[in-house]
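Presented below are the structures under discussion, each in the form of structure tokens.
Here subunit A shows up in two complexes: once beside subunit B, once beside subunit C.
After this line comes the complex of A and B, so read on.
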């Protein structure tokens, strides 16, 4: 499966959608196809997680790490403050999430019970307790103190010893460290260490032994519940924001106009005739509704043709009504239509005809970067007995037809002579879609200002967790 | 902020359709929702049709100035809902009072006010509104009074919205649509970026007419 798209070039005339750098703005539709391909992939941020203890840089000689790298034992008899047995996780804590959390279980508190859990940087001196050096922090079991860089710690929580499960975590939203004991939060402190931090465990007296849990087993602390309540706090702040009246109405109406869903628009207008007071739009900034209703009938008809898979008729109609759209045979719109024709032939099992058509109309796109990966994925349909069960199943769905219909829709809207140059790209998406993109980008920007730490906006969460 | 990020951000069409669909169902536009489902091929989520029909009726009664009918229907739908939401109960009763006044039925209004509205006067937070509402009696032409907004369709819409949300919440449905949540999020993030960091988002001016 091909993944990331290289930028594409296509020979464009004046009448197609050009951004400032001359690229076909319809490329966004190609990206949507690629998005379909990644649908099932998990929405992770590509960060590797800590899974086990790092045996390479640990304070060897003072401690022994088990073969499964999930427990550590202090074997020496300690003599002084520079013979702490410290071990870090194999990877730093991920940052592009709301929290990170891990736990230790004290199997044996040894002679002095000087166990610690905390976070340290990569360069940490591995013979000192976490928290005894700057840029580290540690919650110590022998005194229940929290140490964060000064020699003297501060009273923080209860001591901990044999059979206790103690956890250490980072809350990126509030920029705090937090610690737990046996399932309850002990306390939290501000995190003023920047950069990547390694989960760290330390043992310091003979026979101390500690098991480490990086998430393979169930935690004693309900971290999911904690995250949910933290999200709730953010959510409560958001929910207090007042929503301008009728904004939903405006967004839905422009959405329906944009996509040319004429019948639905009629139903909506009828339903809202008596309910909604007229919207007062500031004329200067107004999006002219008449522009959105431009060529509504034609757009509706073309949409219906494409939705029914009648690509030839669609192409003929476009040639008749808006020849400028199909003039450049290498444009995104033409590509999508030809692809769809190919797909329609595959759908009805006319594979040989499909191959011929593909050779005739799609082959020319193979050389062009930006189209190639999709052409290849399309042709891959031919390889399967049951293409609908393959990795390229999405091409056969009605949603693919919708996507092509949307591209045609946008192309027709772009022929509107009233559109000012500034608003060139306006017609490519409805306001609602633009709003969502803006939200995504703003959240990413906000996160990058936060040292790139924390969660970002996930539309899925809003749609699934709507309270 | 790199404006090119905006160009390359992709949103799935299904998500857009879902957002619109949930808005339509929340506001009981069932015919529109049906039409949208067949136009886009997006399936409607399984929702309580009966619940939606009733909410639709209730909303319409309020907008059509039949607040008492809305009151009755709400009681039928969920017996203790209005008891548990005194604010709403008060708003509905006030609306009925206003309807009586507008119909010129001042004696009836007075009687209603004394029996049903006055008891709310014992609770401090209702006093101001109660006084406003009762004061309408003093005007030959209530439209010209300072409380004319109580007669407006915007106000009726507002009460209808509140009642709709409360019923949804009471019957274990989300009381806010994803669309509204998204608008709130955009507002919050924009505020953050502007205030905290002095960045003004200039690229997106075509939204200012709506937000």
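After this line comes the complex of A and C, so read on.
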């Protein structure tokens, strides 16, 4: 039996009896605040997209690119096979997505209509049609053939000419190139070229002129619909997998227990008993082993207090029930609570009181690595007449209260004397969270082993139906 | 092989938003129709339900009516909710009428059952071969004194009521532009699939027990 209660974690390296994992978890809450700050930024993969034609490395002399860099015209007289007017996009196609797609519109098919659309590598010989050299592919309008590095092309689709909208795409899931004409797919071939690929357009006879669309305008082909149907195919295969019956109910139950949503849990238990047929949650044993109903009422109460902004009462309750949590005034939990009190004062316009409180309780965190940036951002609330419209608006959101409530919840759970090794972060995550993390890492790992190509699992996208 | 330590580092590096997990749970409660639980969850967590909770109560009333064998009542309620549902769902409407017939037979109201079958169901059967076959199967129940000897006795089973209730529940959800299944089970299947896919290329700690999420060391 402990003679003195263990101090809670602090950010400046005090790991007295909390293993590294416990500290990581509490620091995790600070990271979550940093994540909130970025919430408006699109959750993209950080890849730059092709937006226009590259005039620097194009086959200048044979062609001319328009000032807006979205159309190209062949200016030469076609004499032989090494005076093709080839131009690539300014950036390679992104790879961390399901597909990439772009289109050309043939404004003028010139004398011989020898226009091509395809993909090439950075080192491509810019005097040859895409597909006439290895590590390139091209769909040619004069014969409708697909060329992919061998001398001869193969019959592939229809020819295309003036007023046709022709598209070229990459499907990273199926590892294929696909091409479209006037809104319909004409064919696909396996993609066996590795590395970054540039969308490429070529013109080869006098007066040929082509407009290029990298997505600024609506495509003739319904690429979003295509992506949706590809995802559906995968989804249909996944739906066939069988899982234990009623497992969803068990996971929801343990989730509610873990976070202390007691009232919801009671309503949920009642509802599942009254369902026809009654839902039997098989994991009663698992739930008991976890002892996840430890301090349920207290956790519920503390959560309510924090969510209502009653921080003083919350601190008093913690002092009374779990003094070990608030013993170290420089711990993450104390920081979050004091921060929240400050926020609540600002929220109701009590700025002077806020400043005093900040001096008293928050100033000590300035200069502590791990806290400084957040303290500064928090203090910034004072500078705005309408802080909810400022860059630090997220502090005023309900989600911030929820975050603090979660931290308090985790701290209380970690006082459970019955659980060995409570500080390991895996014990402080609900089962549902563990499953979601595993799902994400498996997808990321698989993608990484696949040359980083393709989509990865994003809970937010799934919840929004990938919109 | 990816060690447990390396793997746990990756797991902890994932950015998972609490609000997204809350949304997933709310989606479950709402789709299953647990109104009170959804209300409480909204209060305790601040998560907004994705559809109006009042519509859930209506939907659950319909489901309950069918589960209790009060099909006429259920049909009335569905039409109150949205008359287009049955109009645009002939198969559902037929199944509801068929359930009504089954209930009449169950109650021993033979004459009424026959009248109902002839007036309401036979015309549908004429339009549609599949309906006709279903109708014939149902009417066959009348021929047997002891239903337990009837080859189509599963129609009398209470589970058939649940099947019909489920069908109407799904149709209402669809009419409200809501998916008829909660997302959570799909994600669990996705996890199994993702692990199987990754097995082709790497050795790493698995989660084999979905109910606990316990991480197990890479097996030999």
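In this section, the second predicted complex is superposed on the first by the 419 of 467 C-alpha atoms of A that agree within 3 Å, B and C clash if a C-alpha of one lies under 4 Å from a C-alpha of the other, contacts with A are read in each partner's own complex, and residues count from 1 in each chain.
In this section, a residue touches a chain if its C-beta (ideal position, glycine included) is under 8 Å from a C-beta of that chain, and two chains touch if they have at least 3 such contacts.
All of these numbers come straight from a predicted model, not from anything done at the bench.
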{"item": "Subunit A as common anchor, with subunit B and subunit C clashing or fitting", "value": "clash"}
{"item": "Partner chain(s) touched by A:243 [first = subunit B, second = subunit C, both, neither]", "value": "both"}
{"item": "Contacts of A:273 with subunit B and subunit C, given as first, second, both or neither", "value": "neither"}
{"item": "Partner chain(s) touched by A:320 [first = subunit B, second = subunit C, both, neither]", "value": "neither"}
{"item": "First, second, both or neither for A:216, with subunit B first and subunit C second", "value": "neither"}
{"item": "Footprint overlap on subunit A, where subunit B in one structure and subunit C in the other make contact", "value": "28, 32, 35, 237-239, 241, 243-244, 247-248, 250-252, 255-256, 259, 261, 263-264, 267-268, 270-272, 276-277, 282, 286, 307, 398-399, 402-403, 406, 425-426, 429-446, 449, 457, 459, 462-463"}
{"item": "Interface residues, subunit B side, partner subunit A - complex", "value": "1, 5-16, 18-20, 22-24, 27, 29, 31-32, 34-36, 39-41, 59, 63-64, 153-154, 157-158, 174-190, 192-193, 196-197, 199, 201, 204-211"}
{"item": "In the complex with subunit B, residue positions of subunit A that touch it", "value": "19, 25, 28, 31-32, 34-36, 39, 237-239, 241, 243-245, 247-248, 250-252, 255-256, 259, 261, 263-264, 267-268, 270-272, 274-277, 281-282, 285-287, 307, 398-399, 402-403, 406, 423, 425-426, 429-446, 449, 457, 459, 462-463, 466-467"}
{"item": "Parts of subunit A lying in touch with subunit C, wherever the complex brings them together", "value": "24, 28, 32, 35, 235, 237-239, 241, 243-244, 247-248, 250-252, 255-256, 259, 261-264, 266-268, 270-272, 276-277, 282-283, 286, 290, 300, 303-304, 307, 398-399, 401-403, 406, 425-426, 429-446, 449, 457, 459-460, 462-463"}
{"item": "Of all residues in subunit C, those that touch subunit A in their complex", "value": "2, 7-8, 10-12, 14-21, 23-25, 27-29, 32, 34, 36-37, 39-41, 43-46, 64, 67, 162, 182-195, 197-198, 201-202, 204, 207, 209-215"}
